[in-house]
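Order of writing sets the labels: A, B, C, D and E. Residues in every chain begin at 1.
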Amino acid sequence: MIEGIQLEFFLVLGTLVFFIGIYGFLTRKNLITMLMSAELILNAVNINFVAFNKYLYPENLEGQFFALFIIAIAATEVAVAVSIIISLYRKIKSIDVEKVNELKY
Amino acid sequence: MENFGYIVIVPFILLISFILIGLAGGRFKPSLSGIAGTFSVFVTTVISYITAFSYFSGAGLVNGVYQKIIPYNTEWLRFTDKLVINMGILLDPISVMMLVVISTVSLMVHIYSLGYMKGDSGYSRYFSFLSLFTFSMIGLVISTNIFETYIFWELVGVSSYLLIGHYYQKPSAVAASKKAFVVTRFADLGFLIGILILSNITGTFDYSILTDPNGPAIAQGSTIAFMGLSVMTWALILVFMGCAGKSAMFPLHIWLPDAMEGPTPVSALIHAATMVVAGVYLVARLFPLYALSAPAALHFIGYVGAFTSLFAAIIACTQTDIKRVLAFSTISQIGLMMLALGVSDYGGEKGLGYMSSMFHLFNHAMFKALLFLCAGSVIHAVHSNEMNGMGGLRKFMPVTHITFLVACLAIAGIPPFSGFFSKDEILVAAFEKDFVLFIVSMIIAGLTAFYMFRLYFSIFWNKNNEYKDSPHESPSSMAVPLMFLAFASLITGFIPFSKLVTADGAGFETHIHWGIAVPAVVIALAGILTAMALYKKESGLPQRITASLGSLYRLIYKKFYIDEIYLFITKKIIFNGISAPVAWFDRKVVDNTMNGIAAVTNFISVKIKSFQSGQLQQYAYVMVSGMIIIILFALYLWNK
Amino acid sequence: MDFGQLLYMRHEIILSAIALIVLILEISISNKNIEKIIPVLTVLFFINTIAGFFPVETGSLFGGMYKTTGITILMKNILNIGVLIVLIQSAGWLKSNFTGSSNIGGYFFIVISSLIGMDFMISSGNFLMFYIGIELATIPLAALVASEKLKERSAEAGVKLILSAALSSGILLYGISLLYGTNGSLYFDNIASSFQNNSLQMLAFIFIFTGIAFKISIVPFHLWTADVYEGAPVNITSFLSVISKGSAAFILLILLFTVFKGIEGTWNSVLYFVSVLTMTIGNLFAIRQKNIKRFLAFSSIAQAGFIPLGIIGGSAIGFSSVVYFLLIYLFSNLGAFGVVAAISNATGRENIDEYNGLYSTNKGLSLVMMLSLFSLAGIPPVAGFFSKFFLFTSAAKQGYYLLVFIALINATISLYYYLLVVKAMFINKNEMPIGPVKNDAYTKLGLIICAIGIIAIGFAGIIFDYINSLTFGIK
Amino acid sequence: MDILILLILVPVLTVLAISISRTKEQIRMSAAVGMGIQLVQATYLVFAYLAERKNGNVDDMLFVRSWEWFKSFNIQFSIGVDGISVSLIALTAIVIFTGVLTSWKVDNLSKEFFISLIVLTTGVFGFFISLDLFSMFLFFELAVIPMYLLIGIWGSGPKEYAAMKLTLMLMGASAVLLLGILGLYVNSAAAPGGLMTFNIIDISRLNIPMEVQRIFFPLLFVGFGVLGALFPFHTWSPDGHSSAPTAVSMLHAGVLMKMGGYGCLRVAMYLMPGAANEMGWIFIVLTSISVVYGAFGAIVQKDLKYINAYSSVSHCGLVLFAILMSDKISANGAVLQMISHGLMTALFFALIGMIYERTHTRDIRFMGGLMKVIPFLGVAYMIAGLASLGLPGLSGFVAEMNVFVGAFQHSDTFHRIATIVVCSSIVITAVYILRVVATLLLGPIKNNDFNLIKDAVWFERATVIILIFAIAGIGMAPLWLSDFISRSLDPIILKLSMIK
Amino acid sequence: MEQIIFYILVSGILIFSVLTVTSRRILRAAVFLLFMLLCSAGLFFMLDFYFLAAVQLTVYAGGIIVLIIFSIMLTSQVNEKLEAAGVKKSSFSLIAAAAGAVVCIYSILNYSFPAVSNGETDSSMKNIGMQLLSYKDNGYVLPFEVISILLLASMVGAIIIAKRDSAK
């Protein structure tokens, strides 16, 4: 807990980062940068969890554990995603998301 | 009272004959069919005569009144406890009389046809249908209730259809049969609705209740009013519409002249003697109802009859097809019968019109059948229907000539032939009731004499045509019926009809009213003489007269363009005006609406395909904004 | 802790054991003989499926982190059956066409571990378990989706799946974090008991719902579906369309009926909204599809639109109807995909046009396809009729007549495009129809199981009554 | 074993037998034998029913059996019959038997053809014996869906379009219908919170609130009405009938359309009498339009099947009209009309099929004088036509008269005018029937090829004779059939009249 | 002092986040992401979640970012400038994101959270270790085990994809 800083501050921060991440996800043209935006989103969630845990429910460490697991899963997700992106890159020689539109309609 | 149960044999033997000939007809020698049919009608005739004899000789008589006897009645279809269609037999003076008429004429026609139809490919079919017709016609007259009448009415109609269309490979015959059926069917619609209304207000179909002068039906009749007339009147007018269809009253007469496309014996049987008088018969059957509870309807009938009669008589003067002349003459005579009914009252002497109508019906059946059979004989000989192609036939066909002359005299009302007696009674009845109708009937009498003798002279006198193969007298099987019917036309006038067939069953005395009879005969003679002057010798006079009449003649010759009006109504209005638009509407509007729903779905489906653009970020965008929309939506609901 | 209680989680344990066996076999058997593990594993999985049906007590483990009830066991069994069919159907594909036979073990391992994830998800008592389960069920699958040899479409599908999934799980997590903040716990039981009626919890619910709806491919979170289904290998598609979707629907049911029971009003209206959208959009897109897999993808979206009919109103019988619906949907869709897989693996043809005249050469396949499609369309006497009927009845019982009506209209539209495929197979003439496809025993077995399921399940009233006895008291 | 169960079981077994048959001969024989048994059973059922009634059984429904099916929804498989359903079952048995005979020469995929045909029949039989709305609906849809394949594969002309249209319209109707059924179900709890039921008899004992009836009566009536070719939802009928193969047209017009009428009577009217009385007028207007409109539509058609399809619209409109009159006589007429029209139209379609096989056209403009070359078929066609236009002595007359007399029992102007309008159809019917007969059979032979065609062969003759026999039998002696039916109408009419 | 550091960290998080999603050079974006993660790790430190912060540093900064940078190296030129997103796309996305943020922040600010608890957080390594292996209430042994399956499965999946190339 940080003196003089209210919970809402953290939450607004988390929300902003979350939507910045979403904005990035929606606009970045590169698959890998999209993935990075997704990481932003996850991190925003972590901030939320940690803040809640600290400010409201410090008796248990639920928020912290959740954040831990999120980090772990984010890692696996990135691993798989990167491998798929690379395999795609090998096929179409591009990681521009707008060129990934063979499947449509 | 005698039990008349044996009459049940009549319809059955005819029905069996129809089915047997119909099913097995093709497999046996044609003549066998003819003989079988004739035999069954012969049995019918014998039974009819026995019945008539025993009925009129007292078996039907109680206290001087001829009773309605129902020897047989069985439930056929039940609507409610009261509304029941029975199949039964009702004997009263008119039905017994009709039995005699039908069986006699039918037998004569059968015998005649044995010779006339020889060699026809549809020989068995013809006799089978004749049996069917006779069956239906007899069923019609002996019906115990109005619905039974309706059933046989329809059957009569269909057998008429079948017989008119006997030469079914001839388009004109097919068209004529179709026309006959549709027109009468249209009239029957009125009849049916009439029955429905009648049964609804009286609660019964049964004649014995409907026509009981003291019964509840007549008492209830005039209570409810609709558009100024009592409902009963409306119902009876509608029933009369059916009668008008069958009996070819104006304006539903158009089918009858065309019906002459059928074989001539059929015309004699159906379209002269029996079926066409069914309308008259039905009015007579319901007469107490008409007379006692809806006199307005009866008036209406009288005037329709008079108009039709005059109208047809005028047309008959101009026609050149001999069968058509006879057809219009038939229409005219039936109109006269209707007129007679229209001027009649119920009960005792006041029922003179009724009695005269029946009397005329009876006589007319005989001499008109005779006329047609003679005409058939002539056509058989010269192979043409056209008057112009005939002339001078008296030398070749003496029997036909004489019998035809007898029939002409009878129809013209020259004493002592039968027509004179019945026509006299009609004139008397009209004179007593309605002077206008009396005058009209006098004119008709004159016209009748004129056109009949025009026909007679044109066929048997006039010029001596050159015939390719010289005409010869018909074989005996055809000649015998002619002679029999001629004999009948001579004597039936002397039957004391007023004692036997009256509206209330009680007989009364009639005698010839010379004050009316003499002028009538004079007028008739005048007509005959005019015809003789114009047509006995070949002369240009008739042409000159027609030329001077100009468009009026054309108007009459074209039968007042009634056919064309009908054609306009059916072709232009029904076909092109209703049916074609309905069919168009169905395909284009209703159906396209249904198809349109499908098309719109497809259209939307094509339009929204860009949502699925393949762009991952668009997917994500839809997902996020969709979520936000759902949030807003839920917030909105939550705040409410 | 009594180790006997571990039997509660026998599904997961047995599956883990099988997964382990896969790894061991994969390592120990040479590449040449690797095909031989297919029957072994299929039999093992069959045993697992049977074992799932043995009645065992239910309860919770790990301090409430994990819990089972009769209905969750049933759900797992249903998923087991589905996976068994998928495995049987994919045997032929594995032998012939996969990325090289050395990956057979990998395939089995991923499918089974994905199933483990689903089982844990269904049995979770805590959002953490739920989250891990859902990720375990998704992430490895993306790898399988992208695994098709030499097809760029496969990789594209994989990218689309994993990135969309990343986004959706981010959204889901954000919702969970808000829920944690407002309710103070991540345990289902605690959350359920601490609901107040406020907008933030509602917000949290919608975020979580979005995450799950993504998996069920409910409109507007469905757009990935068609592309991924089309791009993925057919057998993976059938796994995605049936097992993934089914498991997500199960957990949605459980969450709504337990955790989010307190805000029923909110989710009723949300479900109403998305249900109408899903059915309609799914149908409209399905109408004009040319590729059979894509077609089935949209059909499965439309089918997903029917699920809310049973949930809405929150009645126990609706719950049963949804479970029943998914059971029958499983057989029907696997039947359809089985046929598509058989044809696609043998000839590589996937266009509906190419199915023209199929009946003249492949009677059996066409018949199974027709049965499946009729079942999907809800035509008697096949099972789909019954499940749809019960969904409608449940919704009508709650008074949602208008929704039922819209659903019925949509069912009629769906009949149209199902009939288009039937028409292609039976009516359309084709000079060069797909030649007779030689099916191996596995494919035949898989299709026969589906056909029997489609025909028999509907008439057996006892099945529905059994499900309903399990859901009794869920409300 | 229960006779009613056998009625469903025999077709199912027939389907199995056909599916294991190898040669065409075996397939045909299995179908014919199976449907022959079905005919025998139906006859037996008629007599069993009569015997039961004679023994003084006055229950509304006889041979009632019920099995628990989906307990959770309180769905039973309930079966039972009354006079109405027995007579319709007999009709179905006759039509399917003759239908199989007519299809004797189906060569293309004959196994599939007969299987579909008999599956369809199973649906029809099941529909008529069901006392439970659930199974009724199930069988309803079961009867509709094989139609798609039957028309699509073995049809002629724009068959795919027609098949799709027919199926979608009927299934759309069944969607509406289902909503109605669900509405009934939801409101069928005897007491608040009680068990809901699909059972028709149970529901009929309840008084469903008026506001509920007002919503669901139109749904039910339209749902069933579409199958009964209710204007403006009849457009599937011309296209469907004209494209369908002969036996299917026979069955569809002969039997399936009757399911619509039966459903309207048994479900819509019986279970929701209040709304039937209140809202009946809307449908009376629609059905009156159907009757006249169909008849007018038939006049200008050129395709034999189209003529008959429009004629069916008209005749089936009469059925619905009669049902709406909620009068016993006209209801009786409605059932008679269903049977009569079923037989007659089956005969028509059978004949059209036979003629088409010979002339390879159905366009009447190219035909003429066929009576000369195929007198048997010609006469049969004429008889069918005469039955259609309501000639006494054939079945159509009896039915129509019942309808008219019954409808005329209402003494208010609206009903009267409607009745008169409907009556007028007998004239229009005569016009189009005679037009067809005249152009098709009479007149000179238009095409020299027609001189070579042969008259009917044995199975065709058998079909025709059976149907004509039935038509004439009913027409000559209608009383027993009318009595047979009318007793079963009592509960329905009683319920309707109690509301008034 | 604490507050100043806090504000610095917060503004670091926000600025680097924005830079991550806007930078036109992909490698820089990755580095900005790294900084953002570092800042948030700092935040976790300030909140006494040392273990979490450490994991954040090692796994995220150490693992994920390295992975990402590797993949960037594999798939694009380092100096390559990314195309900017279209105006339409970015403005629509901005609207959606902004709308979402507004709605969420509005709801959060309107919500009255329970009073801040003064309970002590025992985030010592020992406690974390104990809980991670506990199977009682608030024990995380089961997720811990399951996540191992997840890691394994992901590995297998990645191998399947990678292996394909070798098979080729």
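Throughout what follows, contacts are C-beta pairs under 8 Å (C-beta built on N, C-alpha and C of every residue); 3 or more make two chains touch, one makes a residue touch a chain.
Because the structure is predicted, anything quoted here is derived from the model rather than measured.
Think of each touching pair as a link: the shortest run of links from chain D to chain E has 2 of them. Under the contact definition stated at the top, the chains bordering both chain A and chain B are C, E. Pairs B-E and B-D differ in how many C-beta pairs touch across them, and the larger number is found at B-D. With centres computed from Cα atoms alone, the innermost chain of the structure is D. Between the CA-based centres of chain C and chain D the separation comes to 42 Å, rounded to the whole angstrom.
Per-chain CA centroids place chain A at a distance of 5 Å from chain E.
The mean-CA centres of chain B and chain C are about 77 angstrom from one another, to the nearest whole unit. Distance between chain C and chain E, defined via averaged C-alpha coordinates, is recorded as 31 Å.
Residue positions 598, 609, 612, 614, 616-617, 620-621, 624-625, 627, 631, 635 of chain B are each in touch with at least two other chains. Annotation for chain D: residues 168 touch two or more other chains. In chain E, the residues that touch at least two other chains are 89, 93, 96-97, 100, 103-104, 108, 113-114, 138, 140, 143, 147, 150, 154, 157-158, 161, 164. Under the contact rule stated at the top, the pairs of chains that touch are A-B, A-C, A-E, B-C, B-D, B-E, C-D, C-E. Chain B makes touch with chain C in their complex at residues 598, 601-602, 604-606, 608-609, 611-612, 614, 616, 618-620, 622-627, 629-631, 633-635, 637-638. Those residues of chain E whose C-beta lies close enough to touch chain A in the complex are 2-3, 6, 10, 13-14, 17-18, 20-22, 26, 29-30, 33, 36-37, 40, 43-44, 46-49, 51-52, 55-56, 59-60, 63-64, 67-68, 70-72, 74-76, 82-83, 85, 89-90, 93-94, 96-98, 100-101, 104-105, 108-109, 113-114, 116-123, 127-128, 131-132, 138, 140, 143, 147, 150-151, 154-155, 157-158, 161-162, 164-165.
Across the complex, chain B is touched by residues 165, 168-169, 231-236, 238-239, 293, 296-297, 299-301, 329, 369, 371-372, 375, 386, 389-393, 397-398, 401-402, 404-406, 408-409, 411, 419-420, 423-424, 426-427, 430-431, 434-435, 438, 441-445, 477-479, 482-483 of chain D.
Here chain C touches chain A in the complex through residues 127-128, 131-132, 135, 139-140, 142-143, 146, 152-153, 155-160, 162-163, 165-167, 169-171, 173-174, 176-178, 180-181, 184-186, 226-228, 230-231, going by the rule given at the top.
Here chain A touches chain C in the complex through residues 11, 14, 18, 21-22, 25, 31, 34-35, 38, 41-42, 44-45, 48-49, 52, 56-57, 62-63, 65-66, 69-70, 73, 76-77, 80-81, 83-85, 87-88, 91-92, 100, 102-104, going by the rule given at the top.
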